[in-house]
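Here chain A shows up in two complexes: once beside chain B, once beside chain C.
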Partner chain A sequence: MRIAVLNNCVPFLYGGAEYLADALARKLQEFGHEATVIRMPVRWDPPERIIDHILAARLLRLPNTDLAIPLKFPVYYVPHPNKTLWLLHQFRQAYDLWGTQFQSIPDTQEGRAIRDVIRRADNEYLPEARRIYTNSKVTGDRLRKFNAIESEVLLPPLLADSAYRSGETGDAIVAIGRVNDTKRQLLLVRAIKHCRTPVRLIVAGKTESGAYASAIELEIRKHHLEARVEFIDRFISDEEKIELLSGCLACAYIPYDEDSYGYVTLEACLSRKAVVTCTDSGGIDALVRHGDTGYIAEPEPKALAAAFDELYLDKVRAARMGAAGEELARSLRINWENVIRTLTGSS
Partner chain B sequence: MKIAWFTPFSANSAIGRSGRGVVEALAGLASVDLFCFDKDALHATSIPVRRFASHRDISPATLAEYDFAVYNFGNYLPYHLDLFEVSRRTPGICVLHDFVLHHFFAAYYLEHHRQSGEYVAAMERLYGAPGKAAALASIAPRGQRVWESDQSVDFPFFEEVITGARGVITHSEFFRSRVERVWAGPLRRLPLPYAVERHDDKTLPRDRLGVEPGRLVILTIGHVNPNKRVNAVIEALGRVRASVPAFQYVIAGPCPDAYRLDLEALARKSGVADAVTFAGRVSDQALHSLLEHADVCVNLRYPVIEGASASVIEEMLYAKPVIVSDVGFYAELPTDAVRKVDPHSVDHLAAALRDLLGDPAPRTAMGARAHEFAAEEFRSDRYAAQLLEFAKEIRRAQPILAVTDRLAAECARIGVTSSMSVLDGLAATLEELFGNPPPSTSR
Partner chain C sequence: MKIILASSTNVFVRGGATFFVDWLGHALEARGHQVDTLMLPVSEEPNALLEQMAAFRLIDLSQHGDRLITVRTPAHLLRHPRKVSWFIHHYRGAYDLWGTRYQTLPNSPEGIACREAIIGADNRGLGECARVFSNSGVVRDRLRKFNSVDAEVLFPPLPEPNPFRPGPYGDYLLLFCRLAHHKRQWLAIESLRHTRTPVRLVIAGPADPDAASYVDELRVLIARYGLDDRVSLLSRWIPDEEKTALFAQCLATLYFPFDEDSYGYPSLEAHAARKAVLTTTDSGGTLELIEEDRNGFVTPPDPEQIGEAMDRLFSDRALAQRLGESGPERMRELGIHWDHVVERLLA
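Let's turn to the complex of A and B:
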């Protein structure tokens, strides 16, 4: 089939969705399809522009294309008779983020009208897709709650075919990935000072703001945690990541309200390591079952500390959780073959 | 270019009479077929005529071989119902002969479809809450009917026929500017084409017309309605009678009995009963003869419901001095070719009558100028050439209109309303993409 993967782009910005779109096109090609990524440039400011983009998407046509797989608002409005939506996210500012600090659209008469137009556009146009999959249960629940549209979860696999392996159960909790306040690494550092065991923490990843890095470093110095917390503030290569996960006690991933399960969560499972997350972290619970494959703790330093201590004190159980995590991940068939077969309707 | 020309073409239709010259001129420039639904005798023409019993007999496929359908709209349901229905299915160029189409749509919704709810909904859609309120009053027992009152100019309903049109033609600047307020598509004012054939050998003598010898003839033609201001003319004549030569005011056109009785009473009160003649509906020959014999024509309107006036043009082509209301299409005529009066002032009208009845020189001069202007301005051949040029422009603009239509349809689907500023942005973007380029500053 000739397949167009549709994504937005803010020129010169490249994030998770862009990686996923490129990986999907690459994998489609590996499975014998002709595939390309088509990106529609967008900007969200001023808010009236959002509606321009909705209309621009509606005016687009995809000739010579057998299947369209859009990933995001508003490119998922592009008309095509054979469209399978793999929804990463709607325009959340018009939904669950309305009324929060992330709202971005002003709460004026015009702003509310724009919000309503976005919701109505989703209601009108999303059902045009023949099949709708979401990248997480959270995304699907939101679609059902706000738009009364049913979908199925199709978890995105890891982008690279890296060989994760399981090594000895070590003494350190590792937190790998971009470092910023929504990923809440500072909360992990604060948890360590409440730990009763000598469990250690390794925060590894590039910080997105100097202020947040400084806050972590200050917390470490202030509570004399230099021997307990290692902060590797730089890009972590795949090899380093494999190594860190292989020999850790467990992985911690506690973002605030994230839709997806988090790649590092799956990477930890494939490394047969338990994962600690929080009750408000969102879609991570696709892979973390409390007491089974890891811990889902309250987003409080003491609650996290208790989980870390329990893992440290019972490494056999920690290893068992890791094994259960791997089994769960395999059972969920989070792999490209499943994704390609599902999206192309050949499964 | 191939054109399907939809028009009432009954021998009684003024629109048909006006259009006959145009299609014959058009036929020299393009291929034209006449489409009509008339049941009775038609104007004679050399153009191929395709007669249909109903709009249902014409499918979009019937019209696929034509580049354009041109729809001539007027305010009379029996003449325009079928062509309106065809225009809904196959959009074309709308020629608006009447500014007020309320009578057409009131009859369309309330009598033809018997759907008062649709009438109210259309009034609300076009005019908001005031439209809805007026519509509800119109359908209430003993309520004020919009179409029977001056309110009709506030709710003219022409918007309904131009929705989705590929282009719009009006015959006056005032109407063009009114359309422009609510419609952004291709729009053109073309002077209403009209021609008269004067045959001196067919002119009846004055005594055959009931006109007394030695009197100046003042003439008003057409259906007698309150908006023709015949009452004001009678009043004004009463005021000037003592100061002008003897006259006879002939009103040639059908008049409801009750209204005629009112006017006759007014004439008695004004002291001109012996000088006012209600000729009723007259034959074409009698009308021609009256126009030949007339010394002054009076052609007033208030309010204005026409897009232009064939009767004024006809009077001008007969080289008559015409007194008109200084409003609408009439106000756009040259000041030396007609005498314009304040539509609300009987004094103004009396002064005009005094000037024109009192001295033959200004009558003759104004009549000559009227003929000179009208013969040049209201030419069918020029109209045909300009219409064809307009059609070519529309064809060039078609991709832009298609995009605009698509955007409008999507906006409607997702609830973007006219009160949202996003529409201004869209309009600006369309202007940026498709508007005229700014004048070059180089060199």
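Let's turn to the complex of A and C:
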């Protein structure tokens, strides 16, 4: 089949969605399809520009294409008779983020009109897709709640097919990934000072702001945690990540309200390690079952510290959770073969 | 400089324009610029033309990049404060082909209004450009005639580095391009029939999707004139290594499509391999490159006269060599190299 993967773009920016779109096209090719990524530029401000780009998507055509797989608002409006949506997210500012500090569209008559256009366009045009999959349960729930549209979850696999290993169960909790305040690494550092065991913490990843890096360093110094907390403030290569996950006690991933399960969660599972997350972390619970594959703790230092201590004190149980995590990940079939078969309707 | 390179694509049809954009992108990057290439889909279905032009117009790139370079129509409708167009062809059904049997829009009030809207939109988009360049004198003249736009001719070079190399001046003439009726492989066979020397002919290239019967006609023609041992017809995709060898060892090349806009890459490939080009007075753009008795021959499209030119080259290898070696000088004279192209586009 000739398959077009449709994605938004902001020129010169390359992030997770772009990587996923490219990986999907590459995998479609490996499975014998002709595949290409079509990127449509979108401008978000001033908010009325959003309407222009909804209209632009609606007016575009997609010739010579057997199947279109759009990933995002507003490029999913591009008309095509055979469209399968793999929804990463709608325009959340018009939905769950309306009324929060992330709203971005003003709460004026004009702003509300823009919000309503977005909602109506979704209600009207999303059902054109023959099938709708979402990248997480959260995205699917939102679609049902706000638009009364049913969908199925299709979890995105790891982007790179790296070989994850399972080594000794160590004595450090590792937190790998971009370091910023929505990922809440500072909360992990604060947890360590409440631990009763000598469990250690390794925070590894590039900080996005100097201020947040300083806050973490200050916290470590203030509570004399230098020997117990290691902060590796730089980009972590795949090799290093595999190594860190292989020999850790468990992995901590506690973002605030994320839609997706988090690639690092899956990477930890494939390294047969337990994962600690929080009750308000969002989609991570696709892979973390409390007491089974890890811990879902309240987002406060003492609760996290208790989880860390339990893992440290019973490494046999920690290892068993890791093994259960791997089994769960495999049973969810988070792999490209499943994704390609599902999206192309050949499963 | 941060450069957005924007063009339109038929999606899954790779042809001259897609390569052109790739090569320009590489040439810009090789000179230290950061390039983001946007290929927006376009269907050539006449009923959808205006809607798609509106879509391009609604996409606003003005927040990004130091420069926007637009290539294939209707990319020049995209909005950007620092826009230049390297215009390679109009939507010809509404321009020079209007009033011919290739006219794509109906001669109804709607068709006429549509044509006027296309011309009006092009005038607006091109009028916003800081500079307009064309890929040939033919297209420059059309821009002047239909849009009152003064364009500078910027001839497209081969990709860099190009793999073509000189070699011995062998005993065959090479006609290397897609097999299609207007490329006139049949004229080469008709001409060979009139030669008095044993010069051979190699016709090579993939057939157009709808050209199977045309290839059969060529085979019939070869058999009818008893030229089987003097003509090789390679009707298939030719791998790069084989292609460069064919150019390296030929006596000279033939390229006489009917009335094309540009000189065609096969002519440049011939010159890169230090080979002369035999073309005809009605071939269009080739006449901008090939000068009689300097870097090739220009004959009327008459088999006897072409046959005579073929014999001259075969009988006088020194002549074939002299003409072939003049090619690179002629290309430099016309500014057919990327340093010139990049310098002009970014001036």
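By our rule, the second predicted complex is superposed on the first by the 347 of 347 C-alpha atoms of A that agree within 3 Å, B and C clash if a C-alpha of one lies under 4 Å from a C-alpha of the other, contacts with A are read in each partner's own complex, and residues count from 1 in each chain.
In the analysis below, a residue touches a chain if its C-beta (ideal position, glycine included) is under 8 Å from a C-beta of that chain, and two chains touch if they have at least 3 such contacts.
Keep in mind that this is a model prediction, so the values were computed, not measured.
By the touch criterion defined above, A:Pro11 lies against chain C but remains apart from chain B after alignment on the C-alpha atoms of chain A.
After overlaying the two complexes on the shared chain, residue contacts for A:Leu218 are found with neither chain B nor chain C.
Annotation for chain A, partner touching more residues between chain B and chain C: C. By the touch criterion defined above, A:Asp52 reaches both chain B and chain C.
When the shared chain is aligned, chain B comes close enough to touch A:Ala113, but chain C does not.
When both complexes are overlaid on chain A, the residue A:Leu313 reaches neither chain B nor chain C. In the overlay built on the shared chain, the residue A:Leu60 is in contact with chain C alone; chain B does not reach it. Of the two partner chains, chain B is the only one that A:Ala121 touches; chain C does not reach it.
The interface of chain A with chain B overlaps its interface with chain C at residues 49, 52, 55, 58-59. Within the complex formed with chain C, the chain A residues making contact are 2, 4, 9-12, 34, 36, 38-41, 43, 49, 52-53, 55-65. Partner chain A is touched in their complex by these residues of chain B: 403, 406-407, 410-411, 413-417, 419-422, 425-426, 429. Residues 2, 4, 10-13, 34, 36, 38-45, 48, 51-52, 54-56, 58-61, 63-65 of chain C are the ones touching chain A in the complex. For chain A in complex with chain B, the touching residues are 48-49, 51-52, 54-55, 58-59, 110, 113-114, 116-117, 120-121, 124-125.
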